[in-house]
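The structure under discussion is supplied below as C-alpha cells; questions concerning it will follow.
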Amino acid sequence: MTADVLTAMRSVFGRELLVFWRRSTEVMTALVFFVIVTTLFPLAIGPERHELMLVAPGVLWVAALLATTLSLNHLFASDYQDGSLEQLLMSPHPLSLLVLAKMAAHWVLTGLPLALLSPLLAVQMALPAKAIGTLVVSLLLGTPTLTLIGAVPAALTLGVRGGGVLVSLLVLPLYTPVLIFGAEAVAASAGQGFASVAHLSLLGAFLALALSFAPWASSAALRVSLD
Amino acid sequence: MKFIHKYGAPKRFYQLAGTFIPWFAGITAVLFVSGLYLGLYWAPPDYQQGDAYRIMFVHVPNAWMSMMAYVIMASFAATGYIWNIRLADILARVSAPLGASFTLTALVTGSLWGKPMWGTYWVWDARLTSELILFFLYVGYMALQASIDDARRAAHASAILAIVGVVNIPIIHYSVYWWHTLHQPASLTLTNQPKIYATMLIPLIVMSLAFMFFYLTMLCVRARSEILLRERHTDWVRKLVEGKP
Amino acid sequence: MTWAQFLSMGGFAFYVWSAYGFTAVVVVLNIVQPLTHKRKVWQGLRRGLDDGEEERHEEAE
Amino acid sequence: MSDGLFAARGLACMRGDRTLFAGLSLELAEGQALHVRGPNGLGKTTLLRALCGLSRPARGEVRWRGELITDLADDFTAEVAYVGHLNGIQGDLTAGENLEVARRVFARRTTPPQVVSEALERVGLRAIADRPARYLSQGQKRRLALARLLVLRRPLWILDEPFTALDAASVVGLSALIGEHLAAGGLALIVSHQAFDIPGIEDFELARYSRTRK
C-alpha cells in the first residue's frame, strides 16, 4: 500500500510542477513582487547605507512573507475551479499526504526561489555580507512554514467572495512568530554578531510543528470547502 | 449518550437560557456595581501610580476574558465541527463578537493606562502586542463567518480556523514575549505591574466575575436569536412565532 | 473624600474616566445591539423570512 | 438478492438551514443501476455527493459492503468513481497526461500504462491525446472525464449529468459503456435530464423523500 501512496505523492508533486511550469508567468509574479516591494523601501527611506542596513532584515522578511501570501491561492484555486480538487478528495490515498505533496511543489516554486534570490536584494538593502548567509538559511527554514500554515486559510476561502484579501487577513496573524524570529535571526547576525542559531532553531521548531499539523488541518479545510 | 442531544438541543437550550438570562443579568448588575464601588472608591491609591492604577480593574478582566472567550469559542467550534452539533456551532459564532469586544476594550484601556505610566499611548509591550494579534484573529474569524453564505460550511470552516488559532495563541504569546525581552529587557512593562495588595485583589476579582457573568448573559441572549434564525424552518419555531402576536 | 476629589482621581481623571467610559460604551453596545437584532429577527420571522431564501434555493440545484 | 452491496438508510441532507430530503433509503447490488429523477432544487446533486462521501449528510448512514463509509474512508473512495458537474480536467495538461495522472494518483492497484491509451481509444480522443486539454471542446472534455472511469476501474459509478454536452453518438457510446460496466457486476447511480437507455436501470424518485414545501 505505501508504495502506491509514494507514487501518488510523487505524481501529484510532478503534476503540480508541470502545471506551474506551463503557467510560469503566475510563478514569476511572486518573485517579481518580492523584488519590487524590497526596492520600494530604499526609495522611501533614502539611499543612506547605514539607515537601510538597520531595516534590511525586517524589510526582506516582510517582503518574502507578503510574496508567499500572494501566491497562496495558486495552491488550490485553479484545481477548485476545474474540478481536479474534487477528484483529489476522491483518491484512495490519505488526502493530507497528497496535500503535503502539493504544498511541497508550491514551496519549490515560491519559497525556494525567494530564498535563492534574497542575497541580491540583501546587497541592494546594504545588509552586511556576514548576515546574507543567515538570511538565506532563515528563508529556507521559514518559507516552508509559511506555505504550510498558509494552506489552511487558502483551503478555507475557496470559492468565497473576496477570497484573496481574506486569505491574507486570516494568515498574517498566524505568520507573526515566523516573521519575528526570521527577521531577528538576520538582524542578530547583521548586528553585533549575536549567535542567530537560537532563532534559526526556533524557526526549525515552527517548521516541525507546521509539518505535523498543517497537512491534517488543510485537508480537513478542503473537505469542508467542498462539502 | 452525548449530553447535548443533536436534534433537541437548540430548542432545549432556547428554553433553558430563557429562564436563566434574568438571573445572570441580575448577578452581572450587582457585580458591576459593587466592583465599580470597590475599585474606584474603596481601594486606596497606589503609592507609585496614585489613582491611575485603577484602570487595571477594567483592563485586566477584559484581557483575561478576551483570552477565555477565544478558548471557549474554539472548543464550541471544535465540538460543532467534530460531532456536527448545530448548537455548538451557534454558540461559537455568537461568542466571537463578545470576545472581540473584550479584546478591543483591553487594548484601549491598556493604552490609556500606558500614557500616565510611560508617556505614550502605544507601547510595544508584550501583553498589548499579543492582545492586538488576538484581536486580528477574532476579526479573521468573524470575516470568514460573514463571507460564507451556507451556515454549516461557515461554521465548520471557521471552526478549523479557530482550532488553528487556538493552537497558535501560546506560540504567538511566547514569541512576542521573547521578542519583547530581546528589545527592551529592562524597562517597566505592563507585565510586571505594581505589586498587588489584598485591597487591589478584591475589586479585581469582583470585576472579573462581573465580566464573566456579562459574557454568559450576552452569550445566551445572542445565542437565542441565532437559534431562532437557524431553526426557523422547524415546527417549534413556527409555533413560537405564531403564538406570540 | 469630597466629590471633587473623587472625580479628579488624583490628577489622572482623564485617563481613568476615559478608560471606564470606553468600557461602559462597549458593554452598553454589547447589550443594545443583540436586543435590537433580536427584535429584527422576530419581525423577520413573523413576516415569513424564509420565503426570500426559498426562491434563492430554487435556481441553485 | 444479497443484502445490498451499497446501501443508504434514513439519509437526510440540508442546504443552509433547510432540510432538502429525509428518511431516504436505497440499495444497490452487483449489476444494478438507479436513475435518480426529480425536478430541480430537490437536491439530486447533494444526494450524489453525500453517497460518494464528498459531503456529510445531516442524518442517516451510507454503507458499503455493510460497513459505514465514514469508517471505511479511503477504502470506500477506492471503490467509487464520481463524475460531477465539473470535469476534473486540468487545462494545462494534455488529454493523455490527465489520464496518466488519474492512473498514478487515483488508481490504487498498479494499473498497466496501456489502460490510458485504451480509454482514449474507447471515447474517441486518441487522435488529440497530446493536445492541451484547455483547447478541447466541452463535449471532448466530458468524454475525457468519462474516460477516467475506464482508467480508475472502480465498481461503483456515481455520475451527475454524465451526458451533458455529448452528441447523440457519444450518448449511445456512454450508455453502452455503462451497460458493460453493469454486466461486469458494477453498480451505477445516475442523475440525468437527457434521455438515455440502459437495460435494467430502475428509476428512483427523489420527490418521495423531499421535504421542501412547495
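Lettered A, B, C and D in written order, each chain numbered from 1.
One rule holds in what follows: contacts are C-beta pairs under 8 Å (C-beta built on N, C-alpha and C of every residue); 3 or more make two chains touch, one makes a residue touch a chain.
As the structure is a computational prediction, the values presented were derived from the model and not from experiment.
**Q** Would you identify the chain whose Cα-based centre sits farthest away from the centre of chain B?
**A** Between chain B and the rest, the longest centre separation is with D.
**Q** Pick out whichever of the two, B-D or B-C, is joined by more C-beta pairs in contact.
**A** So, comparing the two chain pairs, more contacts are at B-C.
**Q** Where the CA atoms of chain B average out and where those of chain C average out, how many Å apart are those spots?
**A** 15
**Q** So how far apart, in whole Å, are chain B and chain D when each is placed at the average of its C-alpha atoms?
**A** 47
**Q** Taking the mean of the C-alpha atoms as each chain's centre, how many Å separate chain A from chain B?
**A** Centre separation, chain A to chain B: 32 Å.
**Q** Which positions in chain D touch two or more other chains at once?
**A** 15-16, 18, 56
**Q** Mind pulling the chain B residues that touch 2 or more other chains?
**A** Those would be 152, 229, 232-233.
**Q** Any chance you could list the residues of chain A touching two or more other chains?
**A** Residue numbers touching two or more other chains: 227.
**Q** So in the complex, the part of chain A that touches chain B is made up of which residues?
**A** 149, 152-153, 156-157, 160-163, 166, 169-170, 172-174, 176-177, 180-181, 184, 206, 209, 213, 217, 220-221, 224-225, 227
**Q** Applying the document's contact rule, which stretches of chain A touch chain D when the two form their complex?
**A** That would be residues 4, 7-8, 11-12, 15, 18-19, 22-23, 78-79, 81-84, 86-94, 98, 226-227 of chain A.
**Q** Could you pull out which chain B residues touch chain C in their complex?
**A** Checking each residue of chain B against chain C gives 36, 40-41, 45, 50-52, 54-55, 58-59, 62, 97-98, 101, 104-105, 108-109, 112-113, 115-116, 214, 218, 221-222, 224-225, 228-229, 232-233, 237, 241, 244.
**Q** Applying the document's contact rule, which stretches of chain C touch chain B when the two form their complex?
**A** 1, 6, 9-12, 15-16, 18-20, 22-23, 26-27, 29-31, 34-35, 37-38, 41-42, 45-46, 49-50
**Q** Per the contact definition, I'd like the list of chain D residues that touch chain B in the complex.
**A** Where chain D meets chain B, its residues are 14-19, 56, 58.
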